[in-house]
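Below are two complexes that have chain A in common, paired first with chain B and then with chain C.
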Partner chain A sequence: MFEKLLRIDRRIIFLFVLIALIVPLFLNISQHIAISPEVRDIYDSLRKLQPGSRVLLAFDYDPPSAPELQPMAVAVMKYCFKHNLKVIIMGLWPQGPLQANLAIESIKRDKEFKDNPPIYDKDYVNLGYMTGNELVIQGMGTDIQRTFPRDYLGNPTSSLSVMKGITNFSNIDFIFNLSAGYPGTVEWVLFAVDRFHAKLSAGNTAVQAPQVYPYVHSGQLSGLAGGLKGAAELEKLLGFYGKGTKFMLSQSFAHIVVIFFIIVGNVAYFATRGKKKK
Partner chain B sequence: MEFGFTFSNTLAAILTIGIISFLWRDNPLYKLCEALFVGVSAGYWFVSLYYQNLLPQLFDKLGLTLIITPHADVKEGALQVLFKQGRFDERILYIFAGILGIMMLMRLFPNLGWVSRWPLAFIVGTTSGLYFTTYFQSNAMAQLKSTIIPLNSINNIVIVVGTVCGLIYFYFSKEHKGVLGGAAKVGTWFLMVTFGASFGYTVMSRMSLLIGRIDFIFSTWLGLVK
Partner chain C sequence: MRREIPLIITGVVGFTYIIQFFIPHWPFNIMEHMLTDWMLIIFAFAIWLGVLNLMKVSLDRISKRTKDWPYALVTILGFLFIVIAGFFFSGGRRFLDPGTPFDYIYQFIYTPLSATMFAMLAFYVASASYRAFRARTKEATLLLLAAFFVMLGRVPVGDAMTSFLPESVRLSKFADWIMNYPQTAGQRAIMIGIALGIVSTSLRLILGIERSHLGSD
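What follows is the complex of A and B.
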């Protein structure tokens, strides 16, 4: 039997994983989500901001990473709009600011914001994408309006009311970076935090999170949300349940299947190894 | 608009299923989707790089856009300021970036390939200079500082032991025997745990991407999940 298990067709495993991912989407079960200290740090940083504070949201990802990062973006934006924090959007990835627009569109459709939808240049501005990777962050440390002379609509940045009085990072109260790779959180830590002493939290894809965790421990990063779990935690803390929470059940079911097959594979391996030695 | 929305979603769903079908086996639909992906990506990035890099950062700033299309809705560039108003505009320095960019393209010609080494040398030099102090400050000093902590909790002990043993594992000037060998072995365990955590996160990330596509198929396309 164990030999059979070792020769199991990989497509059977794929099928089990697929079922584990699909079925929970149809179930109406809520899953307990434990809050990690790293995500709580983000929440604490946001909670300390006074109404009218300027929050810079850096969208450094593209559609492939949206399942993990878009729920974080939506939750943080909703919190900002609800608490009258002024949001400044930008991106070091070409599609990043477009993801921000999608997030805002979804917020405008939300029942909670239907009567009071976020208004451009009153609640938020989108500075768009700027080429130059880490050099853009370096430039923003000196002069944001010079680095982004116009917003994504073509308006001069100096004419935007949200941007009034903003020269560099010292006029930004909080930065939240959504990152899926390079350029992303590492570059923001290296240039914005360590060089210009900006206050930064980040939401990362799960692949990137282990690389960024050391910056949390060293205090260079004020909080980190990693992957879908981080998104679900953020949604829970901020009080806006969305796709992060919804997808967690599928994620957990799939993990159970993966762990099950790892255990089965190991048991089968050790059981047959003994027989082979004999 | 409704038809357009449905059509684009149907197309996206078919392409998603086509790519995922590779898990079953290589097949013509997968090949078609892969070829489409490569072609569309190349086209998209070409257009994106032109409109988001070359045009605003080089042609507009130098004033080449206004020379080619005099009625374009852009501000005067450095060349117009220099020749019409007789003033020096610092944006004229972008001409060097343009020259370096053209030199980089010389790689396409076998006889002139050596020319591309100059802009490469420029990139390597400036990047090294930019990162030298930054990396040392952020990734060496700050991380080192965060491991000099009192051993008053299990967390702190794990961090200090893990760091020291991990470093010992990569110390090759002395044979890993005795205490050094034992510490290196502990370092190996810490490295294994790190790789395991990374692998776990990678699995989580890939699952999330698949969940995203499945949600698209069942919610956005088929409308079966609310």
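What follows is the complex of A and C.
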């Protein structure tokens, strides 16, 4: 029997994972989401901002990472709009500003914001994508309007009311970077924080988050939300429950399935190893 | 001169960037701005170079009917489809606006396709974990246990399973401890090693000791 288990068809494992991912989407089970100190740091940084503060949201990801990062983007944006914080959007990834537009569209459809939807150049601006990776951050450290002379609609940046009085990072109160790789959080820490002393928090994919932990401990990064769990924690703290919380159940089930198969695999391995030795 | 001029350019640019980091004043700040602008322009041209290269490689594959050439055809057609939709049918500069054909392609074709490719990883990871995560050695057992606790601790079900314990010793806290201490210590070691490697390679390039990037002749 154990021999058979060791040779189990991978399509059976795929089927179990598929069921574990899909079934929870139709269940309504409430889960307790424990808040990690790293995510609480983000919340504390946001809470300290006064109405009218400028928040730079750097969208450095693409659709494959959206299930983890988009809920964070939506939650942070909702918080900013609700507390009258001025949002400046940009991206070092070409798809980043598009993901920002999708987030804003979803906020506009939200019941809570239907009567008071975010307005372009009053509540937020989108500077678009700029090629150049970390050099863009370096350029912004000296002069943001020189690095982004126009927004994504072609308006001169200097004519935007949200951008009035902003020269460089010293005029930005808080930066939140949503990152799925290079260029991303590491580059923001190295250039915006180390060089220009900007205040930065980040939301990362679960794969990338471990690489960024040392920057949290050194104080270079004021908070980190990692993966879907980070998104769910952020939603809970900010008070905007969304897809991060909803998808946690699927993730829980999927993790259990993977762990179950790892245990079965090891039991079968040790059971057959003894026989092979004989 | 074919080797000397690039070496001089590399040295001057490299030293300018190092000096302006410590002395961000005239004339180094002006030089830094100028060099950064130049590099941004080079980056922009690199995108065009990439596009042209993709077209050349794909067209070559189609004309020579090499293995899997239909994929090259799909690449070119997909590229032309999104470029034409973006340039000519999406309202000019407002092509990123919601509701444009470009936005439609992005939301309903590009996003599901790329998300599907990435989502398949979940299935492969589960299958690979089943076959590869075996407690064969002490190190593998340690890795296995760390993965076990982090996977359980990073989802609410981990805490639910240990809800009878005080909050400070529940699985989520243990997963946080693994991420914050052993994991971070390992990451730091890797990062310091990489940083030292970058510094030494950069110095070799700036000083002209490392010349492999200039080619063989």
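Following the convention adopted for this analysis, the second predicted complex is superposed on the first by the 278 of 278 C-alpha atoms of A that agree within 3 Å, B and C clash if a C-alpha of one lies under 4 Å from a C-alpha of the other, contacts with A are read in each partner's own complex, and residues count from 1 in each chain.
Here, a contact is a pair of C-beta atoms (placed from the backbone, for glycine too) under 8 Å apart; a residue touches a chain by one contact, two chains touch by 3 or more.
This one's a predicted model, so the numbers in the text were calculated from it and none came from an experiment.
Trainee: In the three-chain superposition, say which chain, chain B or chain C, touches more residues of chain A.
Mentor: Partner with more touched residues of chain A: C.
Trainee: Classify the contacts of A:Gly239 with the two partner chains as first (chain B alone), second (chain C alone), both, or neither.
Mentor: Touch status of A:Gly239: no partner.
Trainee: Once the shared chain is lined up, is A:Leu25 touching chain B (first), chain C (second), both, or neither of them?
Mentor: So A:Leu25 only meets chain B here.
Trainee: Of the partners chain B and chain C, which touch A:Ile8 in the superposed model: first, second, both, neither?
Mentor: After superposition on chain A, A:Ile8 lies in contact with chain C alone.
Trainee: For A:Ala34, using the defined touch cut-off, is the partner it touches chain B, chain C, both, or neither? Pick first, second, both or neither.
Mentor: Only chain C; A:Ala34 stays clear of chain B.
Trainee: Report for A:Phe191: first if it touches chain B alone, second if chain C alone, otherwise both or neither.
Mentor: first
Trainee: State whether A:Ile262 touches chain B only (first), chain C only (second), both chains, or neither.
Mentor: After superposing on A, A:Ile262 lies in contact with chain C but is clear of chain B.
Trainee: Have a look at where A:Leu98 lands relative to chain B and chain C in the superposition and call it first, second, both or neither.
Mentor: A:Leu98 sits against chain C, while chain B stays out of touch.
Trainee: So, does A:Ala66 touch the first partner chain B, the second partner chain C, both, or neither?
Mentor: Both partners, chain B and chain C.
Trainee: Looking at the overlay, does A:Asn133 come into contact with chain B only (first), chain C only (second), both, or neither?
Mentor: A:Asn133 contacts chain C only, not chain B.
Trainee: For chain A, give the residues common to its interface with chain B and its interface with chain C.
Mentor: Overlap of chain B and chain C footprints on chain A: residues 14, 17-18, 21, 64-67, 131, 135, 138, 195, 206, 210, 214, 217, 227, 229, 251, 254-255, 258.
Trainee: Quick one: which bits of chain A touch chain C in the complex? Just the residue numbers, please.
Mentor: 8, 10, 13-14, 16-18, 21, 31-34, 36-37, 62-67, 95, 97-98, 101-102, 105, 128, 130-133, 135-136, 138-139, 142, 152-154, 195, 206, 210-211, 213-214, 217, 227, 229, 248, 251-252, 254-259, 261-262, 264-266, 269-270
Trainee: Which of the residues in chain B come into contact with chain A in the complex?
Mentor: 23-24, 48, 52-53, 57, 130-131, 134-135, 137-139, 142-143, 145-146, 159, 194, 197-198, 201-205, 207-215, 218-219, 224-225
Trainee: Residues of chain A touching chain B in their complex?
Mentor: 11, 14, 17-18, 21-22, 25-26, 64-68, 94, 129, 131, 134-135, 138, 189-191, 193-195, 205-207, 209-210, 214, 217-220, 226-229, 243, 246-247, 250-251, 254-255, 258
Trainee: Show me the residue ranges of chain C that touch chain A in the complex, using the header's touch definition.
Mentor: Result: residues 21, 29, 33, 36-37, 39-40, 43-44, 46-47, 93-94, 96-98, 103, 106-107, 110-111, 114-115, 117-119, 122-123, 125-127, 129-131, 133-136, 144, 147-148, 151-152, 154-157, 159-160, 170, 172-173, 176, 179-180, 183-184, 187-188, 191 of chain C touch chain A.
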